[in-house]
Amino acid sequence: MPKAGIIVAGSTSVQPFAEVLAEEYMTLHPDVTIDIQGGGSAAGIMAAQSGIADIGMSSRELEGGEKSLWYVEIARDGLAVIVHPSNPIGNLSLNQVRDIYAATVSNWSLLGGPRSQIHVITREDGSGTRAAFESLVMGKAEITPRAIVQDSNGAVRQLVADDPNAIGFISLGLVNETVKALELGGVAATRENVINGSYGLSRPFLFIARSQPTGQTKQFIDFTLSAEGQKLLATEGLIPSSDGTGK
Amino acid sequence: MKSLKEKISESVFLLIALSALSALALITVFIFIEGVPIIAKVGVVNFVFGMKWAPSQGAFGIFPMIIGSVSVTLGAAVLGVPVALCCSIFLAEFAPATLSNLVRPAIQLLAGIPSVVYGFWGLVFIVPAIRNYLGGPGLSILAGSVILAIMILPTVISISEVSLLALPRLYKEGAFALGATHWQTIRSVLMPAAKSGIVAAIILGIGRAIGETMAVIMVLGNAVALPQSILDPARTLTTNIGIEMGYASGEHQEALFATGIVLLIIIMILNAIAQYAARRR
Amino acid sequence: MRVSARSTQMIAKIVIWSAALLVIVLLLAIMIYILLKGVPTLNWQFLSEIPRDMGRSGGILSTVVGTLLVTAVAIVVATPLGVGTAFYLTEYTREGRVTRIIRFSAESLAGIPSIVYGLFGFIFFVIYLKLGWSILSGGLTLAVMILPTIIRTSEEAIRTVPSLYREVSFSLGGTKWQTITRAVIPSALPGIAIGIILGIGRCVAETAAVILTAGSALRMPISLFSPARTMAVHFYILAREGISMERAYGTAAILIILILLVNVVANMLVNRFVARGR
């Protein structure tokens, strides 16, 4: 079956950054074609495993059986907990965030805010962003079934920007002036704080393949890990990978 | 005595028909094959009436989604059908020809607008309105009902109008001859006479509402819990498939196909009712 | 207090006119909103360039091509299958249990939510047949989706051809095949065409079934095996991710204009259909 060049599929968080990398790479190498596809981290891992995609994208760590796949970290991304800019609360502890998402705390007034119900927003079940949030913040606790589910970072951001009572979590790189990123335990959500480790919420962006990549796929991954590729990602708001070489 | 050419052409048509029908059979069979195992494993009652949907923990209850689908569809019917019927009466009985020739294509146009555009429009206008004036997050059954009501208008209007127009003039003239006003005629003579067509129109509209996915994903909130008021977010059978389709594998995926089976059964029941109603002339 | 028949009539008229007004206002609200926000973005550049920078800049050319190709595949596959089946059902079989069952199945399948077709298409075409995310996967999925509708509308159109036409043809010595091609088809053609046009409209507007079968890659597709993004999918992604609202509105505006054209053509055909004297 004729293939249309390199197929990259998976996490919607990683997707825009992969698209930027691909665009740059294709300008440098006009004979190569790269197609980027969404679908979510779980779908990306599955696509890499089954071979429908050459590269799978994931925005969370691999678990269990997935670890047998070849993977490399191409960047790190902070996870920001966001609220409406008008929300008087600017700082919460990790426990408080967990309580909000578990619905043990359901009113802003219990945290020093106005007397109104908290509108909890989460990502969908197969999202890497959600999985990362669950493992870093929720631990054993479950996200409340009453939480509103949205299927992309942008949709979550849009919702929080419109609703003064909403709280959500998105890629740190996507935070803009329409929303406010909370400080967690007094630590501001900035790239620097992720790099120096004081802001704990961060997750890896992974490129995954069924086996050690070769040929065009390998060259594209090498480009991603090169100084040029990493600089591109840094300009877009990501944190350079600590893992400069493949496994 | 059929010539060779005749036999060939008949066989060609037969082949075409068989291919088409087998394609359609394939999809039905496929859905059942993929979905039945999980229903068998979880148990029909647990699946259909289970309250918890959490695939990562092995919980596959779709009852909250059924309630979501039913409430949103009911809401759409309650909001949309009266308006649609009034509009069809308008087109059939009250509108001057020039006006109806403008309005009718306009309504057809409504039918062609992509559902994602409807959903987006709802997100920009309806959801904030509900949030600011009625409370709650705005993403709610009410928002879904409003958008779906608008989306089913063209279907219900056009089919009802056709049913009204198809009535013999005799009915109307007879009623007038007896001294009835226009409205009395419509209410007591024409509408009952067109009942089967109108019922078919409503059922088709309901079918469309149940099947809608993209617009609903954008305005319904997609929470997995059982909604408790029309201002609560909810999830329907279709959006359940839509929002988790790309990620699912193994049992999770089978459960989505099983949801598809439930939808198929609902549509078949609706169709059967519509055909029954249409046959009772 | 008895309300007179006249006043009931007056109230009824007011309610009915208001309902009609409401419908028109809603339609205009949606269309004008999109066109107002979208038309300013429309220029030759927008239509002739491909999306760049995740869609933040550039145009929508690859999505236009994607939409056309996916729709073309769907129509090319579904039309012969659908119309042929309709012919077989009406011309070569007698009305009976079997045809009723087939008709009922076609009706039911026409009502299945498009998302279920998307699920089927994803598992069957993309993964099982290894077609991957491609125009072919998307087009074939859409073909299966619009097939029931084409069968239904074609069957309707063929059945309403007066039996007189057929009888005359037979009495003049025509064979079945000749009758079909020379007497029935020309008369049923506008009705069949309407069904096909409705199918085109559905393909252009479809998002759920397409996003998981044709994919969402931004590049210009080079073959039927390339993934492609359709305009409806592009609009959804741009608007949801907040990547570029102007381009989102622009895409939506093009979609609406396209639907308008499709509707105008369909209406012209309906008028011809009616004018031919049923």
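When the chains are written out, they are named A, B and C in that same order, and each has its own residue count from 1.
Going forward, contacts are C-beta pairs under 8 Å (C-beta built on N, C-alpha and C of every residue); 3 or more make two chains touch, one makes a residue touch a chain.
Remember, it's a predicted structure, so these values are computed and weren't measured experimentally.
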item	value
Chain labels contacting chain B and also chain C	A
Leader among chain pairs (count of C-beta contacts)	B-C
Chain whose Cα centroid lies at the greatest distance from that of chain B	A
Inter-chain centre distance, chain B versus chain C - centres from mean C-alpha coordinates, in Å	16
Chain centre separation in whole Å, for chain C relative to chain A (CA means)	36
Interface hub residues of chain B, defined as touching at least two other chains	246
Multi-chain contact residues (two or more partners), chain A	38-39, 151
Residue numbers of chain C (touch at least two other chains)	212, 240
Chain C-touching residues of chain B, taken from the complex the two chains share	2-3, 5-6, 9-10, 12-14, 16-17, 19-21, 23-24, 26-28, 30-31, 34, 82-84, 86-87, 89-91, 94-95, 103, 105-110, 112-118, 120-121, 124-125, 150, 153, 157, 181-184, 186-187, 207, 210-214, 218, 238, 241-242, 245-246, 253, 256-257, 260, 263-264, 267-268, 270-272, 275
Residues on chain B engaged by chain A in the complex (per definition of touch)	52-56, 127-128, 131, 137-139, 217, 221-225, 232-233, 235, 243-244, 246-249, 252
Contacting residues of chain A [partner chain B, same complex]	38-43, 46, 119, 124-127, 142, 144-151, 159, 162-163, 165-166
Contacting residues of chain C [partner chain A, same complex]	52-54, 126-127, 130-134, 211-212, 215-219, 221-223, 225-227, 237, 240-243
Chain C residues within the chain B interface of the complex	5-6, 8-9, 12-13, 15-20, 22-24, 26-27, 29-31, 33-34, 80-82, 84-85, 87-89, 91-92, 102, 104-109, 111-120, 122-124, 144, 147-148, 151, 175-177, 180, 201, 204-208, 212, 232, 235-236, 239-240, 248, 252, 255-256, 259-260, 262-264, 266-267
